[in-house]
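Alright, structures below, take your time with them.
What follows is a pair of complexes built around subunit A, which joins subunit B in one and subunit C in the other.
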Partner chain A sequence: MRALALVTATAALVGCGKSDPPPFRLNMTNVVAKQIAPEHQQAIANILGAMFGTPDEPIALKETGLDQKKLDMAAGPVWSDKVGAKHGLYRRHCVHCHGISGDGRGPTAAVLNPYPRDYRMGVFKFKSTYTAAEPTNLDLTKTLHEGIPGTAMPSFALLPPDEVAALVEYVKYLSIRGQMERLLEDHASVELNAGDKFDPANDPAVQKLVMQDMLGPIMESWNGAKEQVINPEDASIPPDNRPAKELEASVKAGRELFYGTRANCVKCHGPTALGDGQQDDYDVWNKAINDFFKATDDKIGQIASLKTDLAKAQGDDATQIRQQIVDAQKEFNERHALLSSLLLPRNAIPRNLREGVFRGGRRPIDVFWRISSGIPGTPMPASGPAGEGAQGTLTQKEIWQIVDYVHSLPFEPASLPQKRPINASEVSTGE
Partner chain B sequence: MEYRWRLTNKMKRLFGISGFLWMLAVSLSGLSGCSGRADMGPVADAANVKAIRDVLATSKGAGSEQAAAATGTGWATIKGQFVFDGDPPTMPPYNVTKEAEICTINGQAPPQEMLVVTPGSKAIKNVVVFLRDASRVNDSAKPKTDRVEFDQKHCLFLTHVVGLTVGQALDIKNSDNTGHNTNILGSGFNQLIPAGGAIPYKVQKDAQVPNKVTCSIHPWMTAYMLPRKDGYFAVSDADGKFEIANVPAGEPLEFQVWHESGAAPGNGLVGTTPDAPDVKWSNRGRVAVTLKPDDVKELKVVVPAKAFRL
Partner chain C sequence: MPASEPLAGYSTWTHRWAVVLACATFPLLWIGGLVTTTDAGMAVPDWPNTYGYNLFLYPWQTWLLGPWDLFIEHGHRLLASTVGMLTIGLLVLILRNENRRWMKGIGFAALALVILQGVLGGMRVLLDERTLAMLHGCTGPAFFAVTVAMAVFTSRSWLRATDSSPTDGAGIIRRLTLVVAVLAYLQLVLGAVVRHVPVDAQPDTFMLAVRFHLFLAAILTLHIIGVAWIIQTRARQVPRLRNLSLALVGLVVLQIVLGASTWIVKFAVPTWASHWISPQSVAVIQGGWTQTHIVTAHVAVGSLILGAAVALALYAQRLLIESPLPLVVRRELGAAI
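Right, the complex of A and B next:
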C-alpha cells in the first residue's frame, strides 16, 4: 500500500513520465473564428514547422535574415554549459508570461494587468518608427533594458548584452512566425475549400505564395524598420536649458492643443487628464477576444432562429435548415470549448497622465514618438505623419509643446496628494 | 486544545503516511496537467515538415510565376441590381454617447447602416462586388489616379463603403466641428483628422475582404474600405445598382459578393439570380460566370432576408 502510494507520488512529482518537448500550437481562437478545416490546420502547422522549427530547435530561415546562433541561445530548455554560458534564455526569463509561442498566455498572464504582449500580430506599442512600421532592434532592446514602467514587465538591464540581443532576436522570430501563421490562416479561410490540398512540398504555387507573397512583405517590413525611424528636425527640438518663461509658454501652448479640436487629447485622456475620457474601446489584442465572445453569443441566437424556421419548413427546405443547425451547433461547440482558456477582454483605458509613469519611456523623445505615431494596436491615434513625406495633423513644434505639457502634468498642484480636511468631523455633511 | 490533538491523532491513524502521500500525489497530478486538452489544435507532422523544408531549401521559394492563365480574348461588362426579398428590418439609431449637439441631426441619432434598403424599390445599398483574380486587366481598369474624398459629418462616415485601388490617394476629411481620428484596421493607419481639416493617405496594400474603418473618439462610427490591385470592383448605390466594365471575356470569372452583414463566411452575401441560370452561386457568396466578348450581362440579384445575419 505504502509502496504503491510512493510510486504514484513520485510519478506525480516528476510529471507524466518523460515529458515531450513543448510544441508550437496554432492560434486556436483565430482558427475556430475563421472555421478552418482540420486538414488545413494540419497543413498550416506543417508549413510553420518547416519554416520555423520547434521551440527546442528553432530555424533561422535564410529569407528571414534571423541569426541562428542567437536563436539557439534563446530557445530550448534552461541549462548552463561547462563554461557557464546560459541557454534557454526565453524559458528562463520570458515564457511564464509570454508563453511558448509568444501568445502572451503564459501561466502568470491571468493575474497580470495589463496582460503580457502577444507577439503574434507583429504589433508593438513602444517604438521609434511610423505607426504601421515594425520596431527597430534598438526599440526592442530598449524595452528589455528598461522594462515597461507601470506593468509587470521588468528591466533586464542586468543581463549581458549578448543575452539581451539573443532575446530580441527570439522575440522577432516569434513575431514573424505569428504573422506568417495569421496570413496562412487568412488564406485558408478565404481561399480554400474543404478537401483542397495545401502543401508546398509538391505545389510550386503554394511555395511561391508562402515564401514570396506572405513572408516577403513581412520581412520587408522588419528589415525596413531602420528607415522608418521618426527623427524630429533639429530646429523643432526645444533646447535643454530653456529660460523658465519659454518653457512656461510652451506648456501653455501644449495645454491649448490638449483641450483643442485639433489634437483632441481631452476626448480620451479626459478633462482632468486622469484617463477618464473614452474608456470603452479595445486594443487589437483584446478586441480579437471580445469579438470571439460576441460571435459565440450570436451563435446561440442563430441556432434558436434556425429552429424556429425549421418548425415552419417542409421537404428540401427542412433538410437544408437541419444541416444549417448541425453546422451552427458544431461551430458553437468548438467556440464554447475554447472559452474557458481565454482571458476576459479588457477595455483600453487611456493613460492617467498625472502619475508621471510613462510606459514607453519618460524621455522627451519617447513621449514625442508616442504622440507623433500614436500607440499601434491601441485607440491612440497618430498626430504626426503616417510615413516619410506624408502630412501630419500637428507640426513637430506643436508635438513638442504637448510633450512639455504632458511632462508638467504630474507636477501640477492637482496631481499632488491632497490634504485631508483639517478636522474631518467639522466638514458639513449637509444635514 | 485536547480535542484538536485527538483529531490529529485520529487523522494520522486513519490515513497514515501513505494516505498523506496519496493525497499529495492526487493534488500534484492535478497541478502538473497530465491530461491533454482537446482544444489545442494540431502539431506539425515531422515527415511532411521535412518534405516541405527540403523543397523550400532547394527552390529558394522562387517558384514559378503562376498567374491565372489567360484563356479568353475580348472584354465584357457585368452590371445589375441588388433587391431585398421580403420586409427589411428597421435599423436602430447609432448609440451616440457624447457630443450630441454635433453627432445628431435635429436631435436624432442617425440610423445605423448595417443594412441600407431603399423603401419602395427595396434596392440594397453598399453591396460590394469584385473580381477575385483577373488573368488580364483592361486599360480602363488599371490602378486609378483620381483622388477619393472620404468625409465625415455628424459623426458619420459619409461614404459608408469605399472601394479604391492600391496607391490611389484618399482625402480623409472632417466636416465636423470636433476632432475625429480615422483608424483603418489592418492597415496600421490611425491618425487624427482635425476639425474642418483633411489628411491625405495612400493605401499601401490590397485586401481580399474590406477593412473596417472606425473612430476611437466616437466608437459607434463605422465604415468599410476595400483596396484592390485593379479596378474590377463596384459598390452598389442607393438604387442597388453596380457595374464592372471591361472584365476579361471568354474565360471563367469568379466574383465575390460581400456585405458587412452578409451571413456567409467572411461576410459573403449569397443572393439568387433566377433569370440567369448560367450564373452559379457558391455558399461563400461567390459568383462563377463566363461572359462572351462585348457581352453586357445584366443581373437582377434577389437577396433573401436569411442572407444577412441581422
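Right, the complex of A and C next:
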C-alpha cells in the first residue's frame, strides 16, 4: 500500500501516466497531394482500422492469409515472458527506423542514408522475383538474416527463426496495409465528391470494392510471389570451378556489356564503376517527396497566375477565379504545414562497385537477380525478362557475364577503368 | 601532519563504506545500461516483486539459468537493492560518526535519491513508460555523483587538506572544474534522450538529440583538455588534481572512441565517412556481443567521467587556495632571496 502511494506520488511529481499507445497514421503526403476531404480521411482510417486493427492489436484478416499468432508476437509493446518468449518484436528491433506505420519515418530516419524503407508501397529492392512481383517470404527472411551491408539495416542472424518469421509476417502486414491505404486514397481522390459516404459496413457495393477489387489484387500479388521467382536455366549457370581462362573470357565479355549500349551499366555506375555516372535521379520513395516539394512550389506560381487573371476578369469569371484562389491557397497552406516534417529528398546515387559491398547479397545468384530484375523502386532497370516467357534486354548468359565482371571489379587494377562513358564499339576497338 | 596521526573527524569505516557504495553503484549503472541496450526492461512485469515473489526470494536457479532478459533485469533489481541497503548503512555510519551537519544532510539526500531512483525504475515497469526509463537513466548517474562526493567528503585528503597550496587563479580553476561536472551531467542527460527517443517521435527527433549530444561532447572535450592543461601548469603541486585531470582526459579519449564505435556498431559506417573508412562488406549484427557491450560501455564511461569530474571539482574547491601574491611578485621575491 505504501509502495503504491509512493508510486502515485512520484507519478504526480513527474507529471506522467501511462501514455496512449502509438496509432497508425495516414500517409499525409498522399492525403494532402490528393486533397482528400477530412470525412473521407476518417472513412479511410475507419476502413483500415476494421481491416488491420491497431499497432497494439493487429488483425490478420482471413483474406490476407496472414498468421495472427505471428502478428501478435511482432506487434505491441516490448516485453518478454517468464520463459523468455519475446513480444513486441517490431518495436524492439525495427520501429526506430521504419516507424510505427512502416512508413520509413521512425525517429532515427533523418540520420540514416539511405533512409529506412517505407513498406507502404509494397516495393522491395532485394528479392528473387520478377520486377513487378512482390518478394517471397524467403527474400524478406534473407534480408532480415543478412541485413543490408553498407547501410544501417543490421543482420538479425542472432534471432531465433520464429522471431524472424514473426517480423517477416509483420512487414508483410504493414506493406499490405499501406498498399490498401494507397488504393483507398486513390479511390477517394478520384471517385468521391464532398459529402459522399464511404462505408463498407453499410454498403455491399463498397464492401465488394474494398475486399475484392482492392485487396484481391494485392493479395494475389503477394500470394503468387513464389511462382514469380527467377530461376536461371541450369545450362546458363557457370560452374563454381571454371578454368581460369573461361572465367577471364566471361569477365571480358561482361566488361564489354557493362560499357556497351545494351546493358549500359556505365550510364549510372560510371566509367570507373565508382558510381560516378548519373547522380540526379530519384527512387520512387524520394521521388514522391520531391514531387510534393515541387508541386508545393508550383502552387505559389499558380496562385500568382490566378491573381493576374482575376485582375482582368469580371462577373462570374471573377467569382470563379476567386474560389480557385481560395482553394489553391488552402492546398498550399496544407502542403506548407507538412513540409517541415518531411525527410528531404535524396538522389539515388548509383552503387560504387569497386568497394565489394553488395547490398542485396554477394552470391552470384544475388547479383544475377539484381541485374535480371533490376532494383525495384530505383533507377536500376531490369535487364532480364519482365515475366515468365518474356524477352529481356540481355540473355541469361550475358547476365552471368556481367555478374562475373562485377565480382571482378574490386580486384581490377585502377588503371583499367574507362576514363569516360563510351559506347560498345569503342570498347571493343580499345580491347 | 603525518598520515599515521589520528585525524579529527575521520572515520575509516565511514570512508570505506562510502567507497564501497560508489564502487557498487558503478556496475549498477553498467547493468542498467545493459537493460536498456538489450531492451530487457519489461522482462519482469511486476514491481517491487519479481513474478509474484519477493525480490530476494525469487528462485535463484530460475534467475541464473533462465532467459537472458530476466537474468539482466532481476540482476539489476538485486544489485539496486544492495546499493539501497549500502546507502542506508552509510547513513547510519554518518549519523554515528560524523560531526558535520551538512554531511548528515547529504546522507539523507542520497537515501532519498536512491529511493526515488528505485521508484522511477518500478514505475517504468508498471506503466511501461519509456519517458520514465529516460528519467531513470538520468537519476542513476546523479546518484553515482552523490556517492562519489560522499567518498570524497569522508576521505583523509578532504579532511586533512594538506595538499593545499597557494595557486594562481585558484578561483578560476575551482569554477572551471565545477563547469566540467555540470557539463558532464548535461551530456549524460542528452545521452539518455538519444537512447530513449519515443517510438512515434518525428523522424528528425533523434538527429536533433544526436547533434546536441555531439555539440556538447565537443565543448566538454575542449573544456576538459583546457582544465587539465591549466591544472598541469598552475596546480602541479597538487597531485590529486593533477592525476584526476589526466584521468579525465584519458576517459574522454576513451569515450570518444566508444562513441564513434557505438555509431558504427549500431548504424554502420556513415556514408559521408566512407571516403576514409571502408564500408563493411557485411551488415552489423543486431544484438551481438560487440554491439551490446560497446554501446553499454559508452553509457557507463559517461557516468565514470561524471564521477571523476565531481571528484575533481570537489577536491579543487578544497585543495586550491588563492595565492596571496601574484606569480610575478613571487618570482621576483624568489630571485631576490
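Simple rule for what comes next: the second predicted complex is superposed on the first by the 397 of 431 C-alpha atoms of A that agree within 3 Å, B and C clash if a C-alpha of one lies under 4 Å from a C-alpha of the other, contacts with A are read in each partner's own complex, and residues count from 1 in each chain.
By our rule, a residue touches a chain if its C-beta (ideal position, glycine included) is under 8 Å from a C-beta of that chain, and two chains touch if they have at least 3 such contacts.
Just so we're clear, the structure is a prediction, and the values are computed from it rather than from any experiment.
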| item | value |
| --- | --- |
| Subunit B versus subunit C as contact partner of A:147, first or second or both or neither | second |
| First, second, both or neither for A:112, with subunit B first and subunit C second | second |
| Touched partner set for A:362, first subunit B, second subunit C, both or neither | second |
| In the superposition, subunit B vs subunit C on subunit A residues touched | B |
| Subunit B versus subunit C as contact partner of A:78, first or second or both or neither | second |
| Subunit B versus subunit C as contact partner of A:194, first or second or both or neither | neither |
| Touched partner set for A:217, first subunit B, second subunit C, both or neither | first |
| Subunit B versus subunit C as contact partner of A:341, first or second or both or neither | both |
| Contact residues common to both interfaces of subunit A (with subunit B and with subunit C) | 6, 11, 16, 23, 341 |
| Subunit B to subunit A touching residues, read off their complex | 16-19, 21-22, 24-26, 28-29, 32, 34, 37-46, 48-56, 59-66, 177-179, 181-183, 185, 187-195, 197, 199-202, 204-205, 208-209, 216-217, 219, 265-266, 309 |
| Subunit C partner contacts - residues on subunit A that touch it in the complex | 3, 6-7, 10-11, 14, 16-19, 22-23, 77-80, 82-84, 86, 91-93, 95-96, 99-100, 105-113, 146-159, 341, 343, 355-358, 362 |
| For the subunit A and subunit B complex, residues of the former touching the latter | 1-2, 4-6, 8-9, 11-13, 15-16, 23-26, 28, 31, 34-35, 38, 41-42, 45-51, 54, 59, 61, 63, 131-133, 186, 189-191, 199-202, 204-205, 207-212, 215, 217, 261-264, 267-268, 278, 280-281, 284, 298, 302, 334, 337-338, 341, 374, 376, 379-383, 386, 390-391, 393-394 |
| Residue numbers on subunit C that touch subunit A, as the complex places them | 39-43, 45, 48, 51, 66-70, 115-116, 119-120, 122-123, 126-129, 131-132, 135, 197-207, 210, 266-268, 270-272, 274, 278-288 |
